[in-house]
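I'd like to ask some things about the structure below.
For clarity, chains are labelled A, B and C in written order, and residue numbers in each chain start from 1.
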């Protein structure tokens, strides 16, 4: 069994931002030399997400507006916000998810036609990390 | 390490529909000959889900009504809906999830007593695919 | 390839409760002897979750309040509640998720600084199980 590990570092310019990372994950898979297996991609932080959906800017604006409706930012509205103001980000991340597991087949990310991997930042403007772990042969 | 890959093709008669797929995944596992490992089951599309919950028709009606409340269908209410009307489906899929990872133990899906795998379609009436990828030995 | 399987039994004193299980998962990993691989942790029940977020009691109160808002308890408001009253728990579990997959690197759970694993119970006061399955080498 082979295994491969890589971290990506993200530093968003906005507090809330969705960033496509498919190419970096594909590069990691190529570097791993793994042909058949599973590829885990997860946020190493608890106020951001890794998820798979469509690479369409209108949808991304819809996502952020929708998340704000389901789990609104509030300076004083969360018990978590004692010396912090990111309570909403911990909730938003649960909707969008921590991780994706992608099949690796024939040395490729085994995707449907529109699947793209995104990093979802909900408490940004600082350095954060994504973990890629691939196992297989 | 063994690995096995199979696609299922889904073609729902309704726009929104939840379909049990446990038996097809069990058959894929039997075909794979894998005794111990992990089984990934994911939608290859971005307006549908694979999830694990209860096989109970009342709950399924509750799920669809609840998702409609959290992420309502709207022809014109989403920026994504330029020449499309499935913005709600991209959101609904995030609530229900893209994928499940199931333990394989003793050649069986290692499930609790009520766990069943479902495909959740939120933009149906056309051909879509589910990916099953199993690794182990 | 090595593989390891363990069940944890949970018996919450409250109907809704979030419980940290990182230490038990770390112990299982140590017992497995696996150095590099993937660790799946999932609820074996369909009214509870396993998720990764922050170990902070204020946030946990926020989570339960938020879930109650998105998927409120209702004795008669769910079609599922025929002889049961846990319809809300099946919905809450979808928001928080069934499972996490954690990278194993150098014999450790490969976590960012704040990541902790939790069991989320939404229909408690009875015995339930969590499955840990680790594969690797």
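Keep this in mind: a residue touches a chain if its C-beta (ideal position, glycine included) is under 8 Å from a C-beta of that chain, and two chains touch if they have at least 3 such contacts.
Because the structure is predicted, anything quoted here is derived from the model rather than measured.
K.L.:
After a C-alpha superposition of chain A on chain C, what does the rotation angle come to, in degrees rounded to the nearest 5?
P.N.:
To map chain A onto chain C, rotate by about 120 degrees.
K.L.:
Note whether the interface between chain B and chain C is symmetric in residue numbering, meaning over half of all numbers used appear on both sides, and answer same or different.
P.N.:
The interface of chain B with chain C is built from mostly unshared positions.
K.L.:
Roughly how far is chain B from chain C, going centre to centre by Cα mean, in whole Å?
P.N.:
For chain B versus chain C, the centre distance works out to 20 Å.
K.L.:
Out of chain A, which residues touch more than one other chain, so two or more?
P.N.:
In chain A, the residues touching two or more other chains are 1, 38, 70, 95, 97, 101, 135.
K.L.:
For the complex, give me every residue of chain B touching chain A.
P.N.:
For this pair, the touching residues of chain B are 1, 3, 5, 38, 40, 42-46, 70-71, 78-82, 87, 90-91, 93-95, 97-99, 101, 129, 131, 133, 135.
K.L.:
Residues of chain B touching chain C in their complex?
P.N.:
Residues in contact with chain C: 1, 36-38, 51-54, 56-59, 61-63, 66, 70, 95-97, 100-103, 105, 110-115, 135-137.
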